[in-house]
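A single structure is presented below for examination.
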Amino acid sequence: MTPAPEVRTLTPRHSLELLAQMLRIRQFEDRCAQLYTEQKIRGFLHLYNGEEAVAVGIMQALGPDDAVVATYREHGHALARGVPMNALMAEMYGKRTGCSGGRGGSMHVFDVSRRFYGGNAIVGGGLPIAAGLALAEKLAGRAGLAACFFGEGAVAEGEFHETLNLASLWRLPVLFVCENNLYAMGTALARSEAVTDIRAKAAAYGIASAAIDGMDVQAVEEAARGAVQAIRNGGGPQFLECRTYRLRAHSMFDAQLYRDKAEVEEWRKRGPLITFTSRCKALGLITEEDFLRLEREAAAEVDAAVRFAEASEWEPVETLRRFVLAEPRA
Amino acid sequence: MMSYREALREGLREALQKDPKVFLMGEDVGRYGGCYAVTKNLLAEFGAERIRDTPLSESAFVGAGIGAALAGLRPIVEIMTVNFSLLALDQILNNAATLCHMSGGQCPVPLVIRMATGAGRQLAAQHSHSFEGWYAHIPGLRIVAPATIEDARGMLGAALRSPDPVLIFEHIALLNREGELTGAAVDIDKGAIRRPGRDLTVLTYGASLFKCLDAAAQLAAAGIEIEVLDLRTLRPLDDALIMESVRRTHRALIVDEGWRSGSLSAELGMRIVEQAFFDLDAPIARVCTAEVPIPYPKHLEDAALPSVEEIVATARAMVAHES
Amino acid sequence: MSETRGAALEPRILALLAEIAPDIDLAAVHPERAFRDQFDFDSMDLFNFAAALHERFGLDIPQRDYRELTSLVRCAAYLRRKLPEPGGA
Amino acid sequence: MPSLGADMEAGTLVEWRIAPGSTVHRGDVVALVETEKGIIDVEAFEEGVVQSLIVAPGSRVPVGTPLALFEGDAIEAKVEVQSALAAAQPTRTAPQPALPDRGRRVSPAARARAASVGVELSSVKGSGPQGVITLQDVEHAAAQKSAQPAAVEAARSALRSAIAASMSRSKREIPHYYLQLAMDFSSAAAWLEQYNQARPVPERLLPAVLLIKATARAAAAKPGFNGHCGANGFEASAAVHVGVAIALRGGGLVAPAILDADRKPLATIMRELQDLVGRVRGGHMRSSEIASATLTVSSLGEEGADALYPIIHPPQVAIVGFGSVLERPWVVAGAVAVRPVLNLTLAADHRVSDGRQGAQFLARIRDGLLHPEEL
């Protein structure tokens, strides 16, 4: 694992920004867990607790014209990308004001105005799409790229290998971001991969790759900026393996029989919020008051989002058959 | 009393106890206990050799199941949900379904593939499919859909006795349903009449069976007696039973959670037309899932799926007589 | 076109009976018993029956032959004698 | 409510065939009325536009109750109707609200069943969605067909009651006297045979036609036997409407009239008789045919008894019975010969006529039959 780079460029303002983003995600996810138990949110709900640094760090390096493809654990990515929390929460509820019109729910968050091409609930299903988005940028002669998030479980899928090969062969502007949280649902990496060094798999396809500490937002940001710069310089696809940990269960319906509580507690101490906050405090970048204020602001935003979602209307049942095929845009 | 989930597990346990050549593999079937907790505790009982967690490599492990079956083992492959089976469709269709034929009968594939199917849990458009009718399109496969507790336990054993690939579709909405086990022998050849009636035959299977039985109870209160036929095996279809029933009631209503276009329900309707046209007293009707990817919100999902109300209304319209 | 004597005259005779006397139960017709004894076949019925045979088979049935029409068996035998061979010129 | 029989006091309106605003032509069937004799079609006597329907289907109302009003009718105006048999007039279409023409829809099962049980689909009313004929409709029609014995049984028992009431009243109120006259029927028989021999089957005559015509002629000449005896005493009828007693299979008797039988050619009487028998046995007859007879003829036909002694049908005053024509010894020119002999009997109302007139009446009938070529 690459050691965390020294903190040189971090300003108080940027550190507050990073912390605020991660706090928003954390509080949003905790509220979602609560709302799920209250049956306000249904279906499968996969929470991002513990992995906030990855989404927040990567997004710092992306421009508004870059495309993002995420997984079914994508609330954090959506928030970090700028999808409004109101629209995201309304989507959790399935309300018509949701960012996918309520039809997608937790696993299918879309916001094309922000080039956010969705949560994909088929493991590995997003990778080829990201390659296609990147191909379009390349063919159009634009500088944009496609950032593709996926878990380490996807590495076992054929689509992972097929897409890496294709992206490398065609030198497509794809930033592959593997969120290695060590468990594909309940299967530990070592139980599903003969070679657990994922970075090495990408390297085997001739893709520049690095493994970084996915719990350190600063490290993620720095690696992402480097990788993005390499892509924009025509270096072809880049691959970041972000080593992280899922602090909550895979989904709400998970007894976590596959891992020890002690292991979770150990990782909790290394959680991205804790480590980044204490580092910034130590460097004098933020104060405890700053942290509490950000927490309050995030809570207030979540409260407002819940109120918005609650107050929003359901999509009329008569519209059931809408959107099966493309509709003329208004 | 036993739940559908427990019955599935019991079926697995019996199969694993009975035959050492039987083993189970699939995503998170071991340590996790199965995505739907069907395989919970089996790892402890049978060990990691026979309860094999697989990587998320559907094509590979389904294909491996085919190979193991060719070599004399009796693999049970669990695919977490039917939508993931599409990642293994190549192996299922191009290999499992065809090896026997294209080898001139040398390579039958005694493979059992289990998978969760169906909607109703607000899992949205990528986790709510009912593709069993699709698979029933394919020669070389046997497709079964247990609805009752009895079938949930017994169909696996019957499938393992089949020399051909059998796909078992376990509906997620049934997992918590409870019932009694009678211990009756279970086959995977015949349909079953779950409720006799004189006015109309409802052809259905899987979770829709219980919607139809609820509808039948409501209709009975209105003096309309519908016969509820559980198809059980979707390929090959039990034409004899279907036609016998339709010839008796003269009306057929097909209730299928699949989409209607190019579907199992279309196939059933066509067979009835071919074999029992002159016995029909009303146009064949269907209650199927709306032709839309399943939406997430409950009210839209409910509206998309066959409902008891829709079944009742359709049946009423079919037997209606103008005074 | 007049009919020829085909194989199954009896069903056609019964069909004619049903036309001229719809109030009789054809299922109960005994082939050898006289119509009169079975269902009060009267002179008007016999007249109608003869007229129907005349129309359907193109036969001119003299009044003295009416007695040949009094039961199913007799009637069929009579028609077989009177009708042209099938497939003939 | 039209009177459809002497003993009918009330009827039940079963169905309207018209609606307010309908234009009704003379002869249109306007309603169906249920009586002891079955369902009878009520025929319009007048033309006009229907203003309102007064009596609702299912209502039982006394005879004489207005059923409907035509435009321009005063409320007291009795709607004059005449019952008619729809089946006898297949070309007559009742004015009905126009229905969109969907064509005839029959379910496959219904079609197959209809073919196997011999139900004519054009006679079946569809009760399924959009009027489709369903299996149930066919089964119903088939059941009605096969249950006709049961239905007929019910109708017959009603008819039996009607006959009982009428005949009891007749025997109670009318002082009958009886006369009998035997005649040699050979000239009539010979004439008939010759007549029939020259004609194709459908144009031939039955002996009953001669009996009806001869009786009608005699009645026209002897008015004491032709007419009705009511509360105001006997009213002779100028017209001769001969009621013909028609036996139903298995029992029961109805005597609808051949109107103006004295003035109709034999061939016409034959046609009408044929029509009457068919419709009576089909369960339908015109009320006018039942109520309007001025005297009645009853004939035993070929296979009966020597003579019958009939009972007068009130309010008529005479009935003529004809026994079977049987070969009997007959004195011809002082020697006994075998001849077909017919016994004529007369039952007449002694309040209106007496034996001498009766004998003359019988003799006239006989004379008519001795010269059939003049009938």
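By letter and in written order, the chains are A, B, C and D; residue numbering begins at 1 in each of them.
Following the convention adopted for this analysis, contacts are C-beta pairs under 8 Å (C-beta built on N, C-alpha and C of every residue); 3 or more make two chains touch, one makes a residue touch a chain.
Source: prediction; values computed, not measured.
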Partner chains shared by chain A and chain C (touch criterion as defined above): none
Neighbouring chains shared between chain C and chain D, ordered by label: none
Farthest chain relative to chain B (centres taken as mean CA coordinates): D
Closest chain to the centre of mass proxy, which here is the mean CA position: B
Chain pair bearing the highest count of C-beta contacts: A-B
Rounded Å distance, chain B centre to chain C centre (Cα mean): 62
Centre-of-Cα separation between chain D and chain B, whole angstrom: 69
Rounded Å distance between chain A and chain D, as computed from the means of their C-alpha atoms: 96
Separation of chain A from chain B, taking each centre as the mean of its C-alpha atoms, in whole Å: 36
Graph class of chain-chain contacts, one of line, ring, star, complete, other: line
Complete list of chain pairs which touch one another: A-B, B-D, C-D
Contact set on chain B toward chain D in their complex: 250, 277-282, 317-318, 320-323
Chain A-touching residues of chain B, taken from the complex the two chains share: 27-28, 31-33, 35, 53-60, 83-84, 87, 121-127, 290-293, 295-300, 303-304
Residues on chain D engaged by chain C in the complex (per definition of touch): 118, 146, 148-149, 152, 193, 196-197, 200-202, 204, 206-208, 247, 249-250, 273-274, 277-278, 281-283, 301-303
In the complex with chain B, residue positions of chain A that touch it: 42-44, 93-95, 102-108, 120-125, 153-154, 156-159, 184-188, 191-193, 254-255, 257-258, 314-315, 317, 320-321, 324
Interface residues, chain D side, partner chain B - complex: 107-112, 126-129, 131-132, 134-136
